[in-house]
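Look for chain A in each of the two complexes below; its partner is chain B in the first and chain C in the second.
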Partner chain A sequence: MYKSVFYKEWIKTKWFLILLSLIGLLAVGNIFLKVQHNITFNGANKYWYLILFQNQLYFKSLKFVPLLIGLTIALIQYIPEIMDKRIKLTFHLPINEDKILLIMLGYGTFGLVVSFGLIFSFFSIMSSHYFGKEIVDAAIISVLPWFLAGLAAYFLAALVILEAIWKYRALYFIAAASFLLLFFEGGIAGSYSPVNFKLIILTLLISISLIFSAYRFRKGEM
Partner chain B sequence: MKKISRYILVFITILAFAVAIPKLYWLAFEKPIQAPLVMYSCIDDGFMIQYYDQEFIRTDTKGNIYTRDEFELKLPLFYIRQLLINGTMPDTIKGVAMDVHEISRTKSSYRYRPLYKNAPDPGLYPLFESESGRANLEMPLDYFRIKERMEFVIASSNKVDERKTQMFTTVLNNRGFVFPSKMIAGLPTTRKTIDEGYIVIDDADQMFHVKMVEGEPYVKKVDVPEGLKFKRIECVDFKDRKYYSYLISDANELYILTQDDYELIKWPVEDFNPEIEELRIYGDLFNYTITLKGPNYLNITVLDDKYNKVDQYYDSWTALSETKAGKAAAFIFPAEIRMTDANSSFVNFYFERTKGFLWLILNVLLMAIHYTIIRKNGFKLKRNLIDFTVILITGIYGFLAVNFFQNKFFD
Partner chain C sequence: MSNVIECKNLTHYYGKKLVYENLNINVKEGSILGLLGKNGAGKTTTINILHGFLQPREGECLIFGENTQNLSPITKSRIGFLIEGHVQYAFMDIHQIEKFYSGFYPKWNNEPYWELMSKLKVTPKQKISTMSCGQKSQVALGLILAQEPDLLILDDFSMGLDPGYRRLFIDYLRTYAKAENKTIFATSHIVQDMERLIDDVLIMDYNRVLAQSSIGDFMGNFKQFNFKLNSPGIDLSKEDFVVNLETTGKEIELFTYESESFVKDFLKKNNISVDNFTEIKMGLEDAFIGLTGKY
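Take a look at the complex of A and B:
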């Protein structure tokens, strides 16, 4: 039964997941085309200088890519469920309702982690090719919260979508948006180092927030 | 599990709102607070003060009021360009002939902010050629790091220059350097008059001056008195070449490291807190004016050109928490969380509890409102005790959070 739920989610999302991952990889490719171009025109030593001492964030175009991927996957996965209240059918299956939702969420999380993992690895490998360890480390510290925001946005979007009453949907949206802002403070490269671990914990915590909305949904609050 | 998921959402909302709501509040109501400009007059041997109160007020510590021209005449070395245009620059001050070149040579200006210290370390630095024979400094092709050795990484290939690495590492080893470095301080810019390399603190807290002269390493160990350690070194590039850097010791004392003879001289500046205070040092022909600027005060020490203390001044102004907006905030917010801090380059959860307990009034009021909401919806009071506690502690943030994510199904 778990397998079939997993399979159903895969059918729903596979093309989007693949396409979005490709877009993410292309975004990284684009970053390093620009890096290559800058190095050719300004010289690597001057470009390193801009990054090290003038706070040039060569990776900043990556900022909202994971967020976009997380949100889109949530929309693709959960919008069909609330259309005609299809998820109520799912809840009639002979498995615990929370478990079904957690499987759906688990599938989405797994898909996103794989997708983000690919994009992140590609970014790290390319960065290490062009730059010294210190520059790469600072870049990784800076992009990590953006990927976490992608996951957090996925969890919170699921919560907002599965909420049946528009008033609460709007309130959840406000809370979710305020929370997601924490991941996008900006600042200089490496500035997120004291807070990244805390953001990882917070992201893990909200992964189970969907249960709240599901509970409301199946209790019939429409 | 359902209850836990709700409290997680409540917690996250409180956190997000404790950041977002005060941020919006201050964006709307914060008024600029201008610190007074305080300078030391070599004419009067006293402090000159300029502040803004509807208009610029120029005065001194005795309460005399000055026009702009009169004020500038009291600070001829600071306003020299204006006085030269006006033709009012005195010929001599304290028996010293006013030579424009000498005035320019002895003039220095420097600023330290706590966020310079509380910042990620770049880890890679350019080592300039100190005696290239060229008028302008040139950016080297490589950057160095000091870990197990002093490694030079060529930027274009991202590979280590083994020859140069060996050369510098050997010299550092011969001088007794203990790898890795704890601190690397310098001026990594080509926009300076000459290059003096870096002041480096090694793993055994020894201090070294490291530079490159005609492609060869120049390494000089600096004698540091037993037990003296530095938390911050700020290199300077002043025309008079009296010293390489300002140094802040672990005990928050201010030192200079003199040029060529590497003497550490302590300046008589007291109560410096480099975590929250900005430091400004303005030097001229006669004096050094050292300004410690806190959130709502200035603490100024004036030294003569031999670094002896000659005068001191303290001034403070209304703190943000004492303004109308600040007082209203103390009523609304039990605490604020900021992701950024004026004294740090790092992003973090900077938690600041509001002084006093005025906010408790609002919190209790919100509990009463919450009570009516619960009654209206016919929920059981007993099941909402935790929510009431949350509101009592976190006030406006908790009130919004528990009502955004309502408890009704858990009755």
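Take a look at the complex of A and C:
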């Protein structure tokens, strides 16, 4: 059964997961092309100085990339389920309704973790290649909430999409957007250090919120 | 024979609007029941309750003895479900969807599926979303048959199908159900299709059940008499034996469960003069309209 659910989700998302991961990797590549350019033309010392003392974020263009990936995967995975109320087919399969949703969610989360893992690793490796430990650590602390935002956006988009009533969908959307702003407060590099752990906990807490929309659907809120 | 479906005292409202009250439905093992009703009479509501997608305000439905609000995976594997419009996972092709479903059903038998697919003029990699309604219906039917369910619940199975596919669908289904002793609960807005398929009929109107019996009893007992009314100002519609009365000028269509002699005696006793009194042979669609009215 797990294999079958993963197979269906893979059919829906494979090209998007591959393409979006490539876009993420290209975005990182682009960041370091600019880094290379700045080092070559302005000198490494001056560029490091700008990063360390003038709060220049060399990785700023990565900010919304995980969010875009998380949202797109949620749309690709869950919109086909609500079109023509196709979710009824999923709920009719001989498996507990919550369990099948969690398997679908598990697939999406796994796909995003792999995709984000690749992008994050590439970013970390490239950062280590160009900068010292202090700059790399601050950069990692700063980009981590953006990747968490990608996962949170995926979880919340699933909640919004699976909700059957537009009024509630709009309310969930507003609440979700407000929540996601927490991940993009900005500030200097490394400023998220005290809250990253709390953001991880919050992201985990909202991860299964789609169960609520599905429960409402099953009780007839259509 | 035991009941595969038992709905007891179902009552449901949408907001304050009553859909039906104290509805009781029993479907015996091996029988084919057709649920008929006008749009909005509660057919889809009943299907949704049967599937556990809707909680009735009162009452309960049992399938294989389990409450439909909490069907176990084992019981769900015994139910084949056709969604209105033959909805399936449209992003898959016929091979992918067969592979997907086969992982869920222990008794999966792909023979009837591929038999039906061989009749379709589709390419192996063609997505279901690009197929015609008729082709989609065959995919949906093939998948249900491959599942080898004991009960099939078909919601408006004729929607979007041209006459050829409708006939193919019904004939294939009835032959299969009778050969394998399957139970079917079906709705369709094309009533004439039901006549070829069902053993028992349940006709619903807004808030109430109008008829519930075997198709043979219903068609045998429900009658239409046409006549020309010569006596002006007579209103027969209030008489107890009149189920429905359609009037066009002096021409009357009277629908009743009473016999020809009963109606004639009534007219004679009450000095109501009529001409051209004729019993009209009805099909299921005529009987349905006769029972529910044209409006």
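As a working rule, the second predicted complex is superposed on the first by the 222 of 222 C-alpha atoms of A that agree within 3 Å, B and C clash if a C-alpha of one lies under 4 Å from a C-alpha of the other, contacts with A are read in each partner's own complex, and residues count from 1 in each chain.
As a working rule, a residue touches a chain if its C-beta (ideal position, glycine included) is under 8 Å from a C-beta of that chain, and two chains touch if they have at least 3 such contacts.
Just so it is clear, the structure is predicted and the values come from calculations on it, not from any experiment.
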Chain A superposed: clash or fit between chain B and chain C?
fit
Once the shared chain is lined up, is A:92 touching chain B (first), chain C (second), both, or neither of them?
second
Applying the document's definition of touch, where does A:15 land relative to chain B and chain C: first, second, both, or neither?
neither
Let me test your reading of the model: by the given contact rule, A:110 touches which partner, first (chain B), second (chain C), both or neither?
neither
Contact-wise, after the overlay, does A:4 reach chain B, chain C, both or neither (first, second, both, neither)?
second
Can you tell me whether chain B or chain C touches more residues on chain A?
B
Of the two partner chains, chain B (first) and chain C (second), which one does A:202 touch, if any: first, second, both, or neither?
first
Could you work out the angle between chain B and chain C as seen from chain A, using CA centres and rounding to the nearest 10 degrees?
140
Please work out how little space separates the C-alpha atoms of chain B and chain C at their nearest point after superposition, in whole Å.
10
Jot down the residues of chain A that show up as touching in both complexes, chain B in one and chain C in the other.
219
Chain A partner contacts - residues on chain C that touch it in the complex:
48, 51-55, 73-74, 76-77, 79, 81, 83, 85, 87-92, 96, 99-105
Residues of chain A touching chain B in their complex?
39, 43-49, 52-53, 98, 129-135, 137-138, 141, 159, 168, 171-172, 174-175, 178-179, 181-182, 185, 187-195, 198, 202, 205-206, 208-212, 215-216, 219, 221
Chain A touches which residues of chain B in the complex?
1-2, 4-6, 8-9, 11-13, 15-17, 19-20, 119-120, 122-126, 139-143, 145, 153, 155-156, 158, 188-189, 339-340, 345-349, 401, 404-406, 409
List the residues on chain A that touch chain C in their complex, please.
1, 3-4, 7-8, 11-12, 80, 83-86, 88-89, 91-96, 217-220, 222
